[in-house]
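We call the chains A, B, C, D and E, going by the order they appear; numbering starts again at 1 in every chain.
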Amino acid sequence: MDNLQSIQYFWPELIIVFTLIITIFVDFLYSDSASYRTGYWSLAGLVISSLVLSIQGIDVVTTLFRDMLAYDPFALFFKVIIAISTIFIILVSLSTNEYKNTRVGEHFILILVMVLGMMLMVSSIDLIMVYLAIETVSISSFILAGYLKSERRSSESSLKYVIYGAFSSGLMLFGLSILFGLTGTTKIFEIREVLINIGGDAQFAIILAGVFILAGFGYKISAVPFHFWTPDVYEGAPTPITAYLSVAPKAAGFALIIRFFHTVFTDTGALTSTSWLSQTALPWPEIMAILAVITMTLGNLVAIQQDNVKRMLAYSSIAHAGYMLMAIPMLSGEGIQAIMLYMLMYLMMNLGAFFVVIVVKNKTGGETFEDFKGFGWKMPVVGVIMSIFMFSLIGLPPTAGFIGKFYLFAAVIKAGPGFYWLAVIGVINSVISLYYYMRVVRMMFLEGSKQEQTTLPGTLLTVLLICLAVPTLLLGIYWAPVSDWVRNSLMFFTQGL
Amino acid sequence: MTTIIFWIFVLFTVVSAFKVVHSHNLIYAALSLLLTLFGVTALYVFLWADFLAGVQIVVYIGGILILLLFGIMLTHKITSIQITQLNMQRGVAGASALGILIILLWMIFRTPWFTMTSSEPLGTVREIGILLMSDYLLPFEVASVLLLAALIGAAMLSRKTE
Amino acid sequence: MNIFLQYTLLIYLLPLGAFVIQILVGKRLPRQGDWLSISAILTTLALSIALMAGMILDYNPDFREEFSVTWMDLGDFKISMGFLIDNITIIMLFVVALISSMSQIFSLKYMEGDPRYSRYYAYLSLFTFSMNGIVLANNLVLLYMSWELVGLSSYLLIGFWFEKDSAANAGKKAFLTNRVGDIGFFIGIMLLFTAIGSFDYAQIFSGVADGYISGSVLTLAGIGLFMGAVGKSAQVPLHIWLPDAMEGPTPVSALIHAATMVAAGVFMLVRIFPLLTPDALILIAYVGGITAFFAATIAITRTDIKQVLAYSTVSQLGYMVLAVGTGAYVAAFFHLLIHAMFKANLFYCAGSVIHSMHHALDRAKDHDTDAQDMRNMGGIKIRMPITYRAMLISTLAISGVPLFSGFISKDAILAGTLALVERSPQHSLLVVFGFGAALLTAFYMFRMMYLTFHNEPKRPELTPDIKESPTEMLIPLVILGTLSFYIFYTLPNWNPLSESGWFTYLVPARDSVVPGHINLSAHEIEEGVHHSHFTAMILSLLVAGTGILLAWRMYLRQTLSAEMWARKLRPLYNLSLHKFYVDEVYEKVLYRPFLKLADLVAYLDWDLYDKYIVNGVGRLTERLSKFSGDTDYNGLDQGIIDGIGRNARRSGIVLRKIQTGRIQNYILFAALGLLILIILQVV
Amino acid sequence: MDVLQNYLVVAAILFVLGIYGVMTRRNGIAVLMGIELILNAANLNFVAFARFGGMNLSGHIFALFVIIMAAAEAAVALAIIINLYNHFRTINVDEAGKLRR
Amino acid sequence: MLTHILSWLIWLPVVGMVIIVFIPRERVDIVRIVAAVATGLQLWLAIILWTQFDPEVGGFQFMERLKWIPSFNIAYTLGVDGLSLPMVLLTPLLSFLAIFVSWNIKQAEKGYFALFLLLDAGMLGVFVALDFFLFYVFWEVMLLPMYFLIGMWGGPQRIYAAIKFFLFTLFGSVLMLIAILALYFTCGQTFDMITLMDTAPVALDGVLWWGMSAIKVIWILLFIGFAIKVPIFPFHTWLPLAHVEAPTAVSVILAGVLLKMGVYGLLRVNYGMLPEAVWWFVGAIAVLGLINVIWGALCALAQKDLKKLVAYSSINHMGYALLGMAAVVAAGEMNGNNFAAAQAGLSGAVFQMFNHGTISAMLFILVGVIYDRAHHREIGGFGGLAKQMPIFAGITAVAFFAGLGLPGLSGFISEFMCFVGAFPVFKTIVIISTLGILINAAYFLRAYQRVFFGELNEKYTDLPEINSRELFAVVPLAIITIFLGIFPAPFLNMIRTTMTEIIDQVVTLGGTIGLF
């Protein structure tokens, strides 16, 4: 579709951009102490754009800006996820103590940039666009990770992040170049067209390209072996940003992986496709499965050892990436549905967990397990809510997490006995994960004892936590609307149009 | 004749690139990076990419490299430049690098690349300009936003807080 | 409703009612409610006498009534509960009712002022109830259930004075030893049920007759059931519990451990006799014989009056079992009946002696001498004339002196044994056992009499305080003493030397139902007995005489010194004194190792399996996580490439298992991972 | 000279050297240089492919954007490094190892 | 009301919980009362259910069906049959009594009772759920409160015990989840248990996975899941710990209800849906039953801690149930179509479940009583208590003798039936396991003697007699035990039809491949 016509489907992103510009100017007017007000502006912008998102028709499926972007429900779904999480993040960054005595204006501006980048990520169908989007997200997240300049951990983490990010995007870029060399085009559909009838000699090049690109994507979703930055950055970055990184870019990354691999490396190029592109001659399912297994197992095992809750959550997020990867090899509609559903559930429970960390940090100034000791008695409400999140992360009914896992395992099992081993490893992993998640609960309730007077966190935080906890429970009991939404979002366009 | 020049440039590029990663002195490393970039530029020219060659000169050498040098200057007193800047995991690093190289070479020579003969154009600037304003409008704009973000971020980071 | 059913139901349920009321509210009733259970038991006595009378008047050997109701019904699996009333039942009911009421009357004084008086009567009623269950049962389930309930009540009564550890132990021992037997019993039941599909005697017999079960399996089943009897009737090797059971109050010993419960085993054998195969029978015969003899030998050296009686009980039970083994099971039941009377009487007498001894000792403020030890008695004949006479009669009865009941039944048994040996001489050992036991019985019983009542008092200072027991306690003595005369069992036949009479008529021997006529028919057995009857009589008279004579010379005239003989036969004497060391051996070979085993298993379970294997899994996971953590954190390079050095230089801490934060490592790993992936995919 | 593989080989070498540099350098700026090498390698690929793929300009455009990104990245990275330096007087990335507890 | 009685049964406690949550934490008395009322009402409903239940008609009654997640064929399906009804009666009964047992819980009463009610709801749900998904949800829901109840109100080692219990059971249940999904996808995409009972045996017939019959694979996965709850021998070690550390009321529930879920699940799922496999594994079940009996008994014999003894006795008792379950194959034709034995065994197993529920509950309550007074449970540490607290001694005697299977008390009948049922097929195994009866008696009598007999330990001359509240908790159970010991018929008639159905399922669908 032509650039001008495309605009009509591009409003959400445009609104973000406008907000961006407005916030930049507005930010000049505020003093350091008042610069948090910038947040409200960006919030307003986000809300508007997500409203627009919500009214956007999901029946339309097309490409925008001369085949730069895809406009389809799939993208829409992830855009919504991104928007929601961002709203939460902005709200929580307004209520954390970490940003005391720092100017937060740029913080919100950069978050907006990130949002834009991710929205492009989930819909880009041109290698150039892919690269640009990823870079946009990366660069702004580098800065956000290092936002607390005066805190050593923060700056260090951002340094690691930037170098690691640049490196892996370099790898990806090289991979892309190979792909370009093989096919002479940057449009993923055309690439697939070429690949479908390419000679067998090209296999090796395709393999390399695939692997290099996987490095780039894997780094975004922090899959083993491209996860090494995760714990440090998660621990070092300001908690709201950590929470954000653990959800939004991950979602975008998954969207990208799904779109890219399903388009480029499968036979029909649609999400409905059932087998990987034979030309690549890769045991894709096995590779992906193994990646998934390694990722979740390593994440879980290492998480057991952590003393810092934030860091533990970092590893747990790796593990969850692993769970979601389980559904990739199946190449089935169920698999992708499961991932999308899980993403939604994961968004709530993970954000929630991090928010509780923020609450704890606001109260005790620390974020280790020790700081959680007896917390359930000091702040019963928070304690209970945190337990809910933990159970959900373990995947116990009746919580959203269970439903997510249920769909994932269902997808794996559906693929037939060939993949039962994967499911078994998956469930055993969730048993392992019980150990460290329950450690939090244990610290909060079983250790320490009854307090006389109990307190609540700030109103805003309380509201946020409840807004996350309630759906975490409700979706565990009745999730039909969500799953329907997901299923409807799963229409995907082939290059037919 | 041109072939010889080509090979000279290739050699020049590779050697200086090698210096980049090997010289014990950051300044030298930076300078050899400069040479490498020049070499690459030359190769661009060989590849009929005049516009890119220009951009390479302007942005890379004129921008990035200067940035790097500034960085070095800002973060080291002149006296302390000599300190060695190598770390110790060369062994494994070298090995894996070599491995990757071999794999790559193997790939390069056994892959049927997508090729199509074509005559040398008069210049790419115009076409690229048109493309940027038509097909690649969105990336162009996004890039601008990105640069803006980078600008703000960099400014924010290097702003003195106290 | 059928009159027999009414009567039996009443007989069955009255004691139960008494028990329930006693246990719940007994303490609050006047006189702690003893009148309640006594009246209940007396009623049952009256009823069973009525039944008796009916039986005598009817005089029909084939009288048989059966009632049953379905107890559970699962479709194919049905169990019905019911009563089987024939002459055996009626006689047995009478015995139980009689002895029970005697005991309860006796206890009025004997247990007076005991803190748990009402409890005591409750237990007695419970016992009567469950004993009647055994008697009335028409199927093995009810039999088994009552069987165990009897065990329970005996447990409770033996351990009645549970403050004494010995009593508590004795109770436990009794229960567990019985359980051992019961396991066999249970297996027997299951074998029969599996083959025949029913628990009712009648159907089981017909099933056996129809050959649903036969050969070794049937033998096994028989032996299994017999094991139950071994336990209850204290046969070797499970006899160990009965002597200890004397820890219980004496009336209890009289009722449970002499007359009724221990006889239940024999009763059961009598009931199931038709399905016992020859092999099973011969085994039973040997067990019985051995028990009879060895128990007697042990009894010789007892000094505790109740112990003597206990072992004599074991030995007499051995007789009955032997009789069943020889096929003369009617004789066995006959002896059961008679033995119940005189043995109970003996115990009551002992009880009254002990009672008065206690009083005397209490007067003398002497609390450490054992009131039951015969070595402290003697010469109290004139002090307690009635007791003495009653006891003497019963002693004559048990020693098998003509005119007294014991003679006829014992004679029948010995005749049966002889008959068996004549048929198959290889078993002649049984005869030795039989007559040997007879001799010893006569000997130790009179030894007891002499030591207790005759000669000079060993503790003269006590004698003035020893006086005849109160009337309540004398009533049983008189009644049962009277019942120790032969006449009551042989009417209308007055000949003291033949056992034939109403009993032998009303309780005829039945043929075995084992298919293939491998067993002798009742008639053949009858023949044998008749044939060897005379010899048996002579011999038994002889041995009895010798026994009495010996006792007389040793303990009354003291022309033969017991000590001297003891010294002469030191090894034998020791064996007998230490009860053949059975308890000690069991202790060593069974209990200890078993408890050790238990400890071992518990150790295995908790300290090995759980600690190392189960928790080991957990620890393994942690180990894994540590490992992966390390590889993930500082990984190879720290190990391979001078990690320690750099760590030390950087943070002065030697290789800590935490994030090094070195991006290069990560990138290195990313690269390696890349390589691995590539290789993974190429190959 | 107009053989595709030549350029690819050069690119490959640059790429590998870049990786090597990133892996072995301790100094943040030096690491950045390595990354620049990698990016150049990729660019060279793009351009080469463009040239031999029938002068397909999208390759050039790609390279162009890569250069822009490189610039932005370098700027940000340097900003971070300098900030780290200003606060903590070190830019040795492996000394940025205090994320330890 | 009667149409949704099952839902009421499940959700009443939840309502109670919600109410409790909104009661100010100072008003402990109200909290207790609310809890008592909720469970009491539940019990009342259960009794109504029982009276309305028609044992003659087979199949499920009081069915409730509600669409839940149509896209995944998940429905809210409830129903009871002869197998679940006993448990549906037992659960509210024990919960109700347990409330009174936990009357004097200190610290955080509100949370305690709230969690307790949640637990109650979860357990009941497991027994009435007829949709596999629902079943699984309830199965897991019950874990959380249990974790907290043990972990927060338990003994010294409570945290360890709680996490161990949690890990063990979760491990089992996740394997179960896989099995459930496998069933779902291989048997026509339904979670409806009733449908699966028909479809599963057909759909899976002859399906091979990695050369192994799919039925076996699923069977094993499910079996592990349930075996951990039962608990069957290698998976049993969580039980002594959890039982010992848990507060009395929770031990009561653990032993009384949770263990039953294992057997229930095996009968409902493994027997109902995969009857073929039963024929393969029945031998293993019998052997495991034997091991449970002997092993548990021996361990109990060696225990010094009264509560641990009771805990091990649970393992021992569940062994009898397993033997009974194994008996089902007796009805096969290679075993001479001995339906009588099969019925005896299976009904015996279910009856044993119920009896063990009441008996072990009694035992735990009584142990709790003595613990509250003496503050220790060392068997050797008492002595002569029968003199000091006769009533307590009497009731304990009833419980102990019920435990050692004394005729006239319900325990005997069920054990008897299990043995008699299993005997025709597994002669040697049964004969060996009859040893269990002996050891059983040994450890109970030993413990009883050391605690109650002998001279009174002067430390305890002022130990108060069992009080009326505790009596109120125990006596009903004692009455039930005695009543069923004399008239088992009412109970057995209740379950008869269903048992026959299960046997038919196993025999007709189970094919004739046998072990023997």
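Observations, loosely collected:
Here, a residue touches a chain if its C-beta (ideal position, glycine included) is under 8 Å from a C-beta of that chain, and two chains touch if they have at least 3 such contacts.
What you see is a predicted model; the values in this text were computed from it and never measured.
Common partners of chain B and chain E, by the touch rule above, are A, C. Most remote chain with respect to chain D, judged by CA-atom centres, is C. Averaging Cα coordinates per chain and for the whole protein, the chain whose average falls nearest the overall one is E.
For the criterion of most C-beta pairs in contact, the winning chain pair is B-D.
Taking each chain's centre as the mean of its CA atoms, B is the chain most distant from chain E. Remark: chain D and chain E have CA centroids separated by 66 Å (rounded to whole angstrom).
We define each chain's centre as the mean of its Cα atoms; on that basis chain A and chain C are separated by 77 Å. Rounded to whole angstrom units, the spacing between the C-alpha centres of chain A and chain E is 44. Once the centre of each chain is set as its mean CA position, chain A and chain B turn out to be 31 Å apart. Under the contact definition stated at the top, the residues of chain D that touch 2 or more other chains are 8, 15, 18-19, 22-26, 31-32, 48-49, 53-54, 56, 58, 61, 65, 69, 72-73, 76, 79-81, 83, 93-94, 96-99, 101.
Along chain A, residues 128, 132, 135, 139, 142-143, 146, 149-150, 156, 159-160, 163, 167, 171, 178, 181, 184, 204, 208, 232, 435 each make contact with two or more other chains.
Each of the following residues of chain E touches two or more other chains: 167.
On the side of chain E, the complex with chain C involves touching residues 167, 237, 240-241, 295, 298-299, 301-303, 338-341, 343-344, 347, 384, 386-387, 394, 401, 406-408, 412-413, 416-417, 419-421, 423-424, 430-431, 434-435, 437-439, 441-442, 445-446, 449, 452-456, 488-489, 492-493, 496, 499-500. The touching residues of chain D, counted against chain B in their complex, run 1, 4-10, 12-21, 23-27, 29-30, 32-34, 36-37, 40, 43-44, 47-58, 60-61, 63-65, 67-76, 78-83, 85-86, 91, 94.
Chain C contributes residues 636-637, 640-642, 646, 664-665, 668, 671-672, 674-675, 678 to its touches with chain B in the complex.
Chain A meets chain C in the complex at residues 156, 159-160, 163-164, 167-168, 171, 204, 207-208, 210-212, 214-215, 219, 224-226, 228-229, 231-232, 282-283, 287, 290, 297-298, 300-305, 432, 435. Within the complex, the chain B residues that touch chain C are 87-89, 91-93, 96-97, 99-100, 103.
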